[in-house]
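Take a look at these structures.
Paired with chain B in one complex and with chain C in the other, chain A is shared by the two complexes that follow.
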Partner chain A sequence: MKNIFKLFLVLSFLGAVPAAAMDVMEVVKKANHVSYYKGDDGRAKVNMRIIDAQGRERVREFIILRKDDGDDDGKQKFYVYFNKPADVKKMVFMVVKNMDRDDDRWLYLPGLDLVKRIAASDERTSFVGSHFFYEDVSGRGIQEDTHAIVEENDSTYVVESKPKDAKAVEFTSFKSWIHKATFLPIKTEYYDDQGKKTRSYTALKVEMIGGHPTVTAASMENHQTGGKTLMNYSVVKYDVGLPDNIFSERYLRKAPRKYLR
Partner chain B sequence: MIHISETATRRPKVFFWLSGLLSLIMISLVTLPSVWPTSFGLLNPLQIDTDPENMLSPDEPVRVYHNAQKKEFALYDMVVVGVVNQTNPQGVFNKSSLTDIHALADFATRVDGVISVDLMSPSTVDNIEPGGPGVVKFEWLMKEPPVNDAEALTVRDKAQNLPLLNGTIVSEDGKAIALYIPITAKNISYNVVEALKSKINEFNGDDRYHITGLPVAQDTFGVEMFIQMAISAPMAMLLIFLLMWYFFKKASLVVSPMIVAMVSVITTMGLLVITGNTVHIMSSMIPIFIMPIAVLDAIHILSDFYDKYPQFKDRKTTIQHVMKELSAPMLFTTLTTAVGFASLALTPIPPVQVFGLFVSIGVVLAWFFTITLVPAYIMLMPEESFADFGLDHSEGDSNSPLARTLNGLGRVTFCGAKMIIVAVFVLAGVAWVGVNKIVINDNPVKWFSPDHEIRVADRALNERFAGTYMAYLVLEGKEEAQLSQFADGLKLGMQSHGLLELIPDVETFSLEAKDAKELVNLLVQKIEQRMEIVSDEDWDKWDVALTWVGEYLGRGETFKNPDVLRYMSRLQDYLQSTGLVGKSNSLSDVVKTVHRELFMGRATDYRIPESRGSVAETLITYQNSHRPQDLWHFVTPDYKKSNMWLQLKSGDNRDMSALIDKVDQFIEDNPSPEGITHNWFGLTYINVIWQDKMVSGMAEAFIGSFIIVLIMMTFLFRSLWWGILAMIPLTFTISMIYGFIGLIGKDYDMPVAVLSSLSLGLAVDYAIHFLARSREMRKKFSDWKETSVAVFGEPARAIARNVIVVGIGFIPLLAAPLVPYQTVGVFISAILVLAGVATLTILPALIRSFESLLFKKDVT
Partner chain C sequence: MIQLVVVILFLVVPQLLQAQEIELPAGLDDLSIMTQEDDTEQGLPFDLSGFLESRVGTRMQNDAHEKDMSIGEIRLQVGIEKEFDSLTFNFVSDFIYDPVLDKHSLDLETGQGFVDIREANIVFSPLEFMDVKVGRQVLTWGTGDLAFINDLFPKDWNSFFIGRDDEYLKAPSDAIKTAFFFGDYNLDIIYMPRFDVDRFIDGSRISFFDRASGGLSGRENPVLDDRPDTWFSDDELAARFYHSFGAYETALYYYSGYWKSPAGQDMSTGLATFPRLQVFGASVRGPLSKGIGSVEVGYYKSEGGAASNPLIRNDEFRLLVGYEQEIGTEFTGSFQYYLERKLDHSQYLASLPVGVIRDKQNRHLFTVRLTKMLMQQDLKLSLFNFYSPSDKDGYLRLNVSYKIRDNLKVEAGGNVFYGQKDYSFFGQFKDNSNIFTALRYDF
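After this line comes the complex of A and B, so read on.
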C-alpha cells in the first residue's frame, strides 16, 4: 500500500491530467502502447525474485530485448536471455508477437542443445516458474477482450475487461487501474467466475527513462497459491538500434553479446 | 469402609440425593458448553477426536517431523474420489462419463475448503507432449469434456503416457479415474464430501463413485463411535439388567446395581469431558467397560445378601454382615482392577493413557457408589418386600442347574487335581507355541468392517490404481560445508580452472560473508562490476569466470545432480521390485518425463540427462506449465531436500515395516552419492511408529502392573504363596488368549494390545474372591475336602454369576460397527469366562495338591 502511495506521488509529477473524457478503446490502446511499445525498441536487465507461499525465494536474472515491427503497436519481437541461475545461463526465450495469428515462441536449452518451439495451445502458463504468465511478459492482445470503463476519478480510469473467448482463459474478468497522465496500468486484478480475486499485478516503481515513464519494479501475486514474483528492471534503454536479425533461430544458439552485456 | 456403608444405611436418602445431584452437575457441565459453546467458553465442550495422528502426542518427534514435512512440501490431507464404470468397455473413458467427471472436478474447485490449485483431476493437471516436429506443447490434460468417445480415449492415452499420472489419476487398466481433492483441514471433510455427493447425485450415468481418503474415514469413524456409545452401551445395560433379574428374581432389587453403573458412567465421562480430554476410539469404550465392572461388586453384595437374608430376617443386620464379609475382597478387587487399568497410563499412546486412567477412576467411583448406594437402596425398600426372599432360594438356588454344575465341578477339582495340573501344563505349552507365532500388525482402515463403504472403496481403488496408502521418503543432501572449507574448495577449484585473479577476492570476502551463498554473491557482484568496464574479449573471459563461480555454488543443490537423480531412479526400481510399493513418484520421474517429451517423446530418452545444466533446463521447462508449484511437492526450492511419494496398496503396518527395512538395506548396500540421508513421513509411517511404541509400552505396562498386583495379593493374603496362587488364573488366561490369537493368525493390533492390561485387572478379581472365601471357610472345616464342598456353594455361585453377567455384558460390543470394538468385545468376554473357569478349576486343584504348604499355619 505504501508503495502504491509513493507511486502516485511520482506519477502526479509526470504530467497533467487531460480534461476531456476518453473512449475506453482509446484508453486501452494508450495503456497497451506505454506498457509494451515505447520507442522503436528497448532493452532491460531484469531481476526476478520468485517468492512462494512459505516465503522461499528463487532468483532469476535475464536481459530482455524488444523490437517493434512498425509504429502500429502490432507485431513485435522479444528476446529473453538468462544469466542466472548459473545452471540455466544462456537459456533463451524468444517470442514473435503476431496480430493475425498465434504468437510464435521458441525456447533454447543450451545444456540439452535443443531449440524447441513452444506450441501456442496456451499462453497463460507460468513464465519460467514465476507468477507471471508468458502473456504477461509479452502482452495480451487488446482485441481479445471487451473493455469498459467502470470507474473514473481525477487520476485513474478503472477498466474492466472480459474475454471474448471465455474458454481460452482461466479468468472471468480483470480490472486495470490506468493512470490518466501516463496511461500506465498501475494495478491489474484478475477474477474468477465467483468474483474472487485470483491474481494481481502491481506496478511498484515508475521512473522516467528516455522520456518514457517506465515501470521499473512490479509484482505479480497469486492469491490462490499464495506467492508472488517481484521484477526489478535496471539498465533500461530505449531506441538502442537493435538489428532485426538477432530475433531469429540462428541467434538463439549464438547470443548477440553486443546487446546483452 | 464399613463405616461409610453404615452411614449410607442410616441416611439412605441423602446418598441418593447427592448421587443424583452429582450426575446432574456432570451432565450440565458437559451439555452447556457443547450446546452453547459461546456462552460457556470457559468450560470444555464434548470433543470428538478421530485423528489417528493423535495416537502419538503432539510433541512426539516423528509427528513434529511429519507435520513439518507436510508443510514444507505443501502436502494436504486429501479426499479421494474413484470413478469406475463396469458397463462401458472403455470404462469411464467415454464421452458421458468424462463430461460428468469434468463437471465434478469443476464443482470441487469451488467447494469451500478445497485447495483448488492443488486438485488433481484430468481437467486440472497439465499434459506435456511433443506438438509436432521441434515443438513442445503444454496444455491442460482435459480442458473441455471430450466431444466423442474416441477423444475420450485420447485423454486416456495421454494420461497413461505420463508416469506421474498413470496409476495415480488413470487406473493401470486404463478404465477408471481418480480425483485427489486436497482440503485445508481435516475437520471440513464432511462438508466437502456431502457437497460432492450432492453433485454426484445429479449425474445419471452408470459410473460408480467411491469416496475415500483419510479425512473421510475419520469422519465416518466419529459417527460410528457415537453409534457404539448410543447402542452398545445401553444394550449392555439392558442385558446386564436382564441377567441379574434372572439370578435374583427381584427386579426392584437389581435396579440398585443399574443405578450404580449409571452414576459411575455419568460421573466418569463427565470428568473426562470437563477436564478437556477428547472422546477418542479408546475413550468411547469407557462406558461399556465401567458398566460391567460397576455391577461386579454389587452382584457380590446382592448374592451374599440373597443367601444370608433368611438367616437374619432383617435387612439391616444382613447388610452389616454382608459388608463385613465382603469389604476386604471388594476393596482389593477394586484396587487391582484400578491398578490394571491405570497401568495403561505407562504406555506412550495418549488415547490409551486417557482410557486407562479414566476407567481406573470409574472403577473406584463404582466401588464407592456400590458400597454406599446398594446398602442404602436396600434400606429404602420396605422390609415386607423381602418376605419371600430367602424362602424359595434355600432349595431353589442350591438346586439350580448352576449350583449342581458347580458342586460337580468341586468334586472333579478334588479328585482330578493332578489331571487338571497336567492339562494346564499341556495347554500352556500350546499357548507358548501360539504366542511365538503372533504377528504384530494393524491397519486403521481395517477398523471398518469388510462390507463398510470405506472398505469397499478401498478395495475398488487399490485393485485399479497404484495404491491409496501414502508414505513419503525424504532424502536430504549432506550439511553444507563450513564457510572456511567452502572458501578453500573454491580457491582450489579456481587454481585448477585458471581463475587465479579471483583468489584474493575470495580471501577478502570469506572474512565478510556469513555463509557460502553470501560469499559467492559478493564475488559475483565484484565480477559484474569489472565486466561493466572491460573490453569485449575480457568480458567473455570474465563471463566464463562468472559462470564457473555460479556453478560452483550450484553444486550445493544436491537434487540437480544427475548422479543423485539416477540413484533415486534405481531406488525406485528396487522399491517396485519388492512388491510392497504400487508406485513411486519422485523428482527423477519429472526430469525423465520432461526430457523424453523435449526429445520428441522417444522412449529411449526417458532418462536423466548428463549434466546439472541439462537437469536444470528440464526442471525450468517443467515449470513453464499451469502448475509450476507442483515441483515443490517433490523437492525444496533450494534443491537440498527431496520427497519421494510412495503409493502403497496395503496400509498394513507389517508391510510398511517391511518397506522401511528394505529401504535401509538398499541404502546400506548401495552407498548414495553425496552422502544422502533418508527419513520417512506420512500416516502409514506414523501408524508403524505408534504401533511399535504401543507394543513395547504395553509390555512394560503389563509387567509393571503384574508386579504391583502380585505385591498387593501377597499383602492381602499375608503370604507370598497365596499371592502367587492368586496370579495363576490370570496368567494362564492371558497366555491362552494370546496363544489363541497367534494360532488363529489374528493380527496383534491396537485392541488386542490393550487386552492384556484390561484382563489383568479383571481376571484377578475372581481369584481374590475365591481364595479369600476359601481361606475364610477353611477355618470352619478340618480339611480342604470338606471346605471345597462349601466353597463350591455360595462363593462359587457368586463367581459364576459374575462371570456370566460380566462376560455377557461385553457381548453388545459385537453390535458395534467398528472392528476394534468387536475384537475387544469378543476377547474380553472370552478372557472373563476363561479366567472364571481357570479360577474354579486350577485354584482348587492347586490348593488340593499343596494343601499342607498353603495351610501350614492353620494346621500348626
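After this line comes the complex of A and C, so read on.
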C-alpha cells in the first residue's frame, strides 16, 4: 500500500514536472496553433449577436473558409461570405494574412459586381461592427508581445503578455488563461495602463470536432462601453480539402457554393 | 473532533480550492461528447432577397427646366437565386413607383417605367477553367472609385446625381461573359450583342447645358439620339487579361464599341450620336506605404476623322492615380487624380467654328473620399468630392446613414454641384443640386 502511494507520488511528479517547467513560448505557440491553425483548412458558420449597453441587438451571420499556407503557423487565407444582415447578404470579404507585412484584403460587392481592394486597417478595430477585433478573429502574431507565465493551477496556465510596441495597441497588457490539456485559451482579459480591465474574452463552449477541441461559443465584452458580442460556431469542419484557388477573384465573383452550404 | 477536522480538511478544502479556479467552458471537461449538429435550414426552394425603400429628394434651388422634386419613388427589389446541379440562375428586378419622371411607358433597356430588371442570367462552368454568365448582368472592373477608364459598362448618371444607392450607378448589360482561368493568368471576354448605352443625362430628370442652343435645357426638350441598336452588328466587345505579381494586381484591357454617352451629333438630323470607340488600357493596384495605391491608363481611339471633326469627340489619353488609407479608427480616406487629355487638340481647335465653346486640352480632376463609421458601424458618415481645377467646378456628395435595426436603415444625403461656368462638366448641373432622404427595409 505504502509503495503504491510512493509510486503514485513519483508518477504525479513525473507528470507535473515537465508541465511546470514548460516554456512560456511553447505554451503560447501551442495556444496559437489550437486557436487558429487546426487542420490544414477549416470551415464554419458563424453567428454573432452584438449587444450594446442598452440591450439592443444586431446579428451577423457568415460562413468562414480558412486555409493555411504551409505548416509553420504563418500565412493564412480567409474567405468570409455574409448571409446576414440582409443588406450585406452575398457580400464577400477576403483576407490574406501575411507575417512579414500588412494583410491583403478584398471586398466583393455583389450589387455592383465590384471587387474592391481595401487598405489594411488597424488590426485592433471592430470586425463587422462586433466587439471582436480583426485580430481576435484571425489571431495576433505571437512575436508581437513578450509573454510570461504568472500563475499556474491544475487546469490552466495564466500567461501575461505585454506589447513590444505599446503605441500600436490600445492595451497595456493582457492575461490569457490557457487550458493545460487542450492549450485552448479559455479566458483573456485586456488591461489599460491603470490596470483596469477593458475587454474580456470568454470561451463558453468547447466541442471535439474532427479530433480538435474547438471553441464553438465565445463572448467578447467591452467593459468600457458595456457592450458585448456572443459568437457561435456551427457546422464546423476541418480538413475540408479547400482548393487554393477559392481565395481568388474568380470565387469572389462566383461564390464557391459547394463549400458554403 | 480531530477526525472531523481531518475529514473537513480532506473533503472540503480541495473543493474550496477547486472553486477558486477558473470556470471551464461547457464541454471542456468531457470532450468525448459529439454535439455538432447539422443546421441545414429548411425554407424556400430558392434563395430570396431584396429590399423595399422610399426615397424623396428636392432641389435646393429653382430649376426652370425641371420639377422641384429631384427624386420621389418607392422601390421594391426582389432577388431570386436558384441553384441546379451545375448551373445557377439569378434574377433581380426592381419595381418602381416614380411620379417624378414624365414618361412611364415600359422600357427594359433604359430602365424606364415600373420595372427595371437588373439581373436575369445563368452561370455555369462548362470547363474546369472556365466560367460563363449569360444574360442580363451588372459588370464592373478597373481600379477607379466613382471614376472609370477601362470600365466601359453602362452607367446610370441620373441615379448617381439624384441620390439613389451607389449600386444604381451601374446599369445592367445584356451580355455573354466568359472567364478563363489559366493558373495565375486570367482572361475575361465579354460580348454584348447590342450596344448598351449609358443612362446618360438627357434632360428628362437632370437639366444640362445644351451646346447647340447655348443654354440650359431640361425635360421640355430632352436629348434625342440615334443610338446604334441593331442586334449582332451594333455590338460591343470588352476584354481583360489579368495577373498578380505577389500582392500587385495588374491588368490589360481592350474595348471595342461606341462612346457610352453622346459624343457627337448628326448634322442633318440634329440627333446626338455615339461614335465608334476603341480603348486600350492597363492598370496596376497594390499595397503602397500604409494603404492601397493604383494607377490606370487608357487610350481612347475615337471614330476615324475625329481629330478634325468638331461633331465627333477627339481621341483621348486618360490617367487615374489613386491612394486609399485608414486615417483613424474606422475612418478611411482616399484620394484620386484623374486626367482626360484630348490628343488632337490643335486640330480640334482649328475645326471649331467661331464663337463656340472651346474645351481645354486637359481636364484635371481630383477626388477625395472620407468615410467614418460610428456606433458599432450602425452610423456611417461619408463625403466624396470631385474638384476640377481646369474646369473650376466640382461635385460634392454627402451621405449619412443609420441602421435603426439590422434590416431598417434611414439615410440622408446631398448632391451639390458647383462651378463658375454654366457649360463645364459639373457646373452645368448647378440647378440640380439636391438633398434627399430614404428609408430602406432589407429582407
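As a working rule, the second predicted complex is superposed on the first by the 237 of 261 C-alpha atoms of A that agree within 3 Å, B and C clash if a C-alpha of one lies under 4 Å from a C-alpha of the other, contacts with A are read in each partner's own complex, and residues count from 1 in each chain.
The definition used in the following text is that contacts are C-beta pairs under 8 Å (C-beta built on N, C-alpha and C of every residue); 3 or more make two chains touch, one makes a residue touch a chain.
Just so it is clear, the structure is predicted and the values come from calculations on it, not from any experiment.
Under the clash rule set out above, the superposition-derived model of chain A with chain B and chain C contains a clash between the two partners.
In the superposition on chain A, no contact is made by A:Arg49 with either chain B or chain C. With both structures placed on the common chain, the touch criterion links A:Lys167 to chain B but leaves chain C unconnected. Of the two partners chain B and chain C, more residues of chain A are touched by C. Contact with chain B, but none with chain C, is seen for A:Met91 once the two complexes are overlaid on the shared chain. Of the two partner chains placed around the shared chain by superposition, chain C is the only one that A:Asp154 touches, whereas chain B remains out of contact. Residue contacts after overlaying the shared chain place A:Ser121 against chain B and chain C alike.
When the two structures are aligned on the shared chain, A:Asp104 is found in touch with chain C, with no touch to chain B.
Touch criterion met: A:Thr182 reaches chain C, while chain B stays clear of it.
By the document's definition of touching, of the two partners only chain C reaches A:Val236; chain B does not. Once the two complexes are laid over each other on the shared chain, residue contacts for A:Leu204 go to chain C alone; chain B is not touched. The clash between chain B and chain C in the superposition falls on 549-557, which is one of the stretches 387-395, 549-557 or 765-773. When both complexes are aligned on chain A by C-alpha atoms, chain A residues 52, 58, 84-87, 89, 109, 111-112, 114-115, 117-119, 121-122, 125-126, 128-130, 227, 257, 261 touch chain B in the first and chain C in the second.
Of all residues in chain B, those touching chain A in their complex are 71-72, 74, 110, 116-117, 126, 131-132, 134-140, 143-144, 531, 536, 539-540, 546-547, 549-551, 553-554, 557, 560, 595, 598-599, 609, 611-618, 620-621, 623-626, 628-629, 631-632, 636-638.
Looking at the complex, you find that chain A touches chain B at residues 52-54, 56-58, 84-89, 91, 107, 109-112, 114-119, 121-122, 124-130, 134, 167, 194, 224-225, 227, 257-258, 261. Taken in their complex, chain A has these residues touching chain C: 45, 50, 52, 58-59, 84-87, 89-90, 96, 101-102, 104, 109, 111-115, 117-122, 125-126, 128-130, 153-156, 177, 179, 182, 184, 186-187, 202-209, 213, 215-217, 227, 234-236, 245, 248-250, 254, 257, 261. Residue ranges on chain C touching chain A, taken from their complex, read 18, 21-22, 24-28, 31-40, 49, 51, 83, 88, 123, 131, 137-141, 165-167, 169-170, 179, 181, 186, 242, 247, 249, 285-287, 290-292, 294, 324-326, 329-330, 332, 373, 376-378, 403, 406-407, 409, 440, 442-443.
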